[in-house]
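In what comes next, chain A is part of two complexes: it sits with chain B in the first one and with chain C in the second one.
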Partner chain A sequence: MILRLEFLRLVRSRRPLMALLALLLFLALMLVGFWSYAQSRTHGAVQFEYTYENRSYFNGLTFALYAFFFGFVLLLPIFAAIEGGAQIAGDAGSGTLGLLLVRPISKTRLFFTKLAVAWGWSTLLTALFLGAALLLGLFAVGWGELRLYPGVLQSSDRPQLLSRATALRRFLLAWPAASLALLAPLALSFWISTWTRSAVNAVGTAVALYLVAHVIVEVHFFEALKPWLFTSHTTAWRALFRETIDWREIAGHEVALLGHAALFLALAFRRFRRREEA
Partner chain B sequence: MSGGAPVEVERLGKRFGSRVALADIDLTVAAGEIVGLVGPNGSGKSTLLRVLAGLLRPTSGRARLFGHDPFLARETVMRDARFAFAPPALFESLTAREHLVHLVGLHGRAARPPAAAIDGALARVGLAERADDRVRSFSFGMRQRLAVAQALLPPPRLVVLDEPTEGLDPAAVLELRAILSELRKQHGVAILLSSHLLIEIDSLVDRLLLLQEGRVLFAGSAATLRAGSERLVLGVDAVERGAAALLAHGFAATLRSDGTLEVANGTLTLAEAQTLLRAAGVALASFHVEQRSLEQLLRERLAAGRPA
Partner chain C sequence: MNRSARVVELLLWLIAAIALLAAPRLAPTASEAALDAPPAKSRARGEWRVVTWNVGGSANGTAHPLADSDLEAVAKTLRELRPDLVLLQEFRYGTQWDALRARFEVGAGYVQSAADDVAIVAVRGALADGRSSGLFAQARWQVDGHEFAVGALHAAAWSARERRREIGGALDRTLQMTARAHLFGGDLNLDVDQRGDLFSNDPQRDAEVYNYVAERLLDAGAGRGPTAEPDRRLDYLFVSREFEVRAAGPWKGRRSGTMDHDPLVVDLRLR
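Moving on to the complex of A and B:
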């Protein structure tokens, strides 16, 4: 019943709709950017072909991958953090955490139910975003092979070519891998939200920490810190879009992410059990 | 559930940093008893109720519900205890019916009352026609009613209500009193009510606990509080001479703002007053016995700030 209650509360809140609208708007912006970039590269012809001169190949699959990558880095962790913050700090602030705690339900069950709902929603949002990116790519750009060139999306130093069917299977694999990666910022947000009664504070702090950790990973100066930051591992799913998948590498990153998430959740759970509701 | 009293509090203390929120609180609520917790805002009423709900951990002393520590055995005590805090916190996005169904559902399949009981509880607090409306559309009074309804299900052995009459119209206050009386008489439910307005609950409660700045100023029955509270009010033609004459014989008289003299009833009879005043050359123009309300008595206690 608690799972049903928490799910119903989530569905009835405005958060899912706001998140979906924001992601759709982001996709629309990506499409405009994608189109204008292709236009500039092909001198107005907008030919979605790779040439030696433009070193680019655009089609629906590349659009979907670009859109998903940037959406994953910039938006999805924020929505995961919002959900994490709303679950404990938000409930505490509105008094509904106290309302639940004066019923015969253990804090353990309540904590993990809230986590399941928040992560379940983040996973669903990831799937919806990925699906929308693929559909928009199909209808607005048109599908073909997935060709990737060395750059932000592709950690390999040589071009990769995936058939449409293979690429779609890789997208399907990217969904759980990316969803698992969202567990880390979500868990961070959960932990912070056990220290406050304000969802805004919890979400703001979690997002700020995520962004700082993300920037540190991108800056060469902080090389020594990278192994300790979960943001070093969150985009490991990109390796799924190589011709040959290095499963060991991906598994290593996912285990590291799970370790970070487990640590944050253990700290959050410890704090939640001892927390008082004034 | 073990057989301890519904509420047992011994020398309970609670601090928030250096601020003392509660100090040396003793309280027992037996089955079938209604106890009123009274005090001004910030006196510690809500803190005490939150300690009882297991939401706050006492700094010193102990609290027990049905023999269990509510902070450590919260899940156990909440099978039989219902709490409603002020202001009522509710699931805004749910309808009133969904709200009750889901809260009651947290008690497990075995304890879950039938749907008719939920409809009955909503009807009892006057929300039958709004049962399928979202809580966020409710007025404060309606939210208070829903908070009361949720405290009735599943059938409890202890009900703790924080400021339950706040925001209710007079008819709803009467209905609330009827509900609580019925719970006590027919089901032997122990009830603890808090209010900053005694007038709202004084007709209901068996005992009172008056709090000020986290300390007990008075604990006992309303009758105890009323004892010796009657005043003899004397209208005389020379108040200063009259007061001096009474004082000379050991009767302290207070000059009231309306120019009359007030003496504690029982210490001085009317005949004695007439004799003493006549001997001092003071004419007695009027007299009556004044019974002060509990509210006045408690206000006096609060003003004096002296522990009882």
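Moving on to the complex of A and C:
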């Protein structure tokens, strides 16, 4: 009952619609970027596919992977943080949380229902984004084999070649791996959300903390801090796009993400069950 | 109700603790493996050791070629490594070759030098058809009945655009040489191991030129860690697929004075 109610409240909030529209706009901009890159580099002689490394490098699969990577790093954690902020701080600010707790429902059940709805939506959003990127790549350019080089994605230290069928299977595997990675920023936003009654403050703080952690991991100067930040592990799913998958390495990153998520959730739950609702 | 909530919270703490403790054991972060111990002195027949080393340094923010005071240290390292082929950068061939040869026996060795900076030294075997241009030298290395094409480059330090032109051109010229197999290396001054963010004026261009080489030849030192200060992988040896890389990595702790690169040591044999 409470699960259904939370789900309906999520749909009616229009947050899912806004997130989907933002992601589609992002994909459209990525597509324009890919086309204009090839146009400008070859003075219009070659469209889309050209790179210095390989004149037929980019195709629908490479586009999908690049788009998913940048969307995953820059946008999906923000939407996850929005859910965390809205689910607890938003409800607390509007007084809905207090009304919900008047019903015969435990704080534990309410907390984990909200978490399930938020993570479920994040997982679905990840699937929709990945699917849209693949479909757009297919219709705009066409799929082919997936060639990857060291560089922007930092997914491999040597060139990789995956057949189309293998690459599509890897995209399928990337979905749960990436979804689990979103649980950590979501749990972080849940924790922050338990300390405020303003969704804006909760989301703003969670997004700022995520961006700081992300930047620290990306900048080489902060090497010593990397083991302590969950953002060191969030893009571990890229390793699924190697010719030979190191499952042990991926498992290590996913377990670390689970550990960070559990830590934030423990902190969030501790605060949530102790605080008084108006 | 409070009790069950406490149990749930405890469970979360437990999961967090177990997962955070277990994760580093599953995915160790130190995957880069430099040659901490001296590389093996003995090699099987049909194996060759190639060393590329920028022997220059920097003092007070200014780069300089190999200091005469560091010649003995370089020779000592080479004596211990017993390489078959050496690619040197920032080496003043005009004034330092005789001094180095006096300290490090190169047998019937032959050197091809470019612009008093880059040198290809065949410690065993001989070099033929040597040519040089700018900071690029190329030659055929004839050893143990085989002939290999060798290209050595010291690429531009600051401009990614210059690097791209130099590396692309040097690689093409190396691959144009007909030979049993190809070797291309030196100080390429690009770093694609997530360390280009602070040092390159165009990391994307650097990634592209690295990929241009890596698609054609195997990067023997990939995943073996940084070779230069501060914590950058700038020195490379690329080899054609005819070679099998038996061991590779920078040998740490061999710098002297103000030197700022480690020697990259690669043991090869034909497949």
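The definition used in the following text is that the second predicted complex is superposed on the first by the 263 of 278 C-alpha atoms of A that agree within 3 Å, B and C clash if a C-alpha of one lies under 4 Å from a C-alpha of the other, contacts with A are read in each partner's own complex, and residues count from 1 in each chain.
Methods note: a contact is a pair of C-beta atoms (placed from the backbone, for glycine too) under 8 Å apart; a residue touches a chain by one contact, two chains touch by 3 or more.
In this text the structure is predicted, and so the values were computed from the model without any measurement.
When both complexes are superposed on chain A, chain B and chain C end up sitting side by side without clashing. Contact comparison for chain A: of chain B and chain C, C touches the greater number of residues. With both structures placed on the common chain, the touch criterion links A:M1 to chain B but leaves chain C unconnected. In the superposition on chain A, contact of A:V255 is made with chain C only, not with chain B. In the superposition on chain A, contact is made by A:K226 with chain C only, not with chain B.
Once the two complexes are overlaid on the shared chain, A:S106 sits against chain B and chain C alike.
Applying the stated contact rule after C-alpha superposition, one finds that A:G95 touches chain B and leaves chain C untouched.
Of the two partner chains placed by the overlay, neither chain B nor chain C lies in contact with A:R238.
Chain centres taken from Cα atoms put the angle at chain A, between chain B and chain C, at 150 degrees to the nearest 10. Touch criterion not met for A:R15: it reaches neither chain B nor chain C. When both complexes are overlaid on chain A, the residue A:H214 reaches neither chain B nor chain C. The superposed arrangement places chain B and chain C with a least CA-CA distance of 7 Å. The contact surfaces that chain B and chain C form on chain A in the two complexes overlap at residues 106-107. On the side of chain B, the complex with chain A involves touching residues 16, 47, 50, 53-57, 74-76, 78-79, 81-83, 85, 87, 89-94, 98, 102-103, 105-108. Per the touch definition, chain A reaches chain B in the complex via residues 1-2, 4-5, 8-9, 12-13, 94-96, 98-107, 276-278. Taken in their complex, chain C has these residues touching chain A: 1-2, 4-5, 8-9, 12-13, 15-29, 164, 192-195, 197-198, 204, 207-212, 214-215, 218-219, 222-223, 231. Across the interface of their complex, chain C is touched by residues 51-54, 106-108, 149-152, 154, 157-159, 218-221, 223, 226-227, 233, 236, 248-253, 255-256, 258-260, 262-263, 265-266, 269-270, 273 of chain A.
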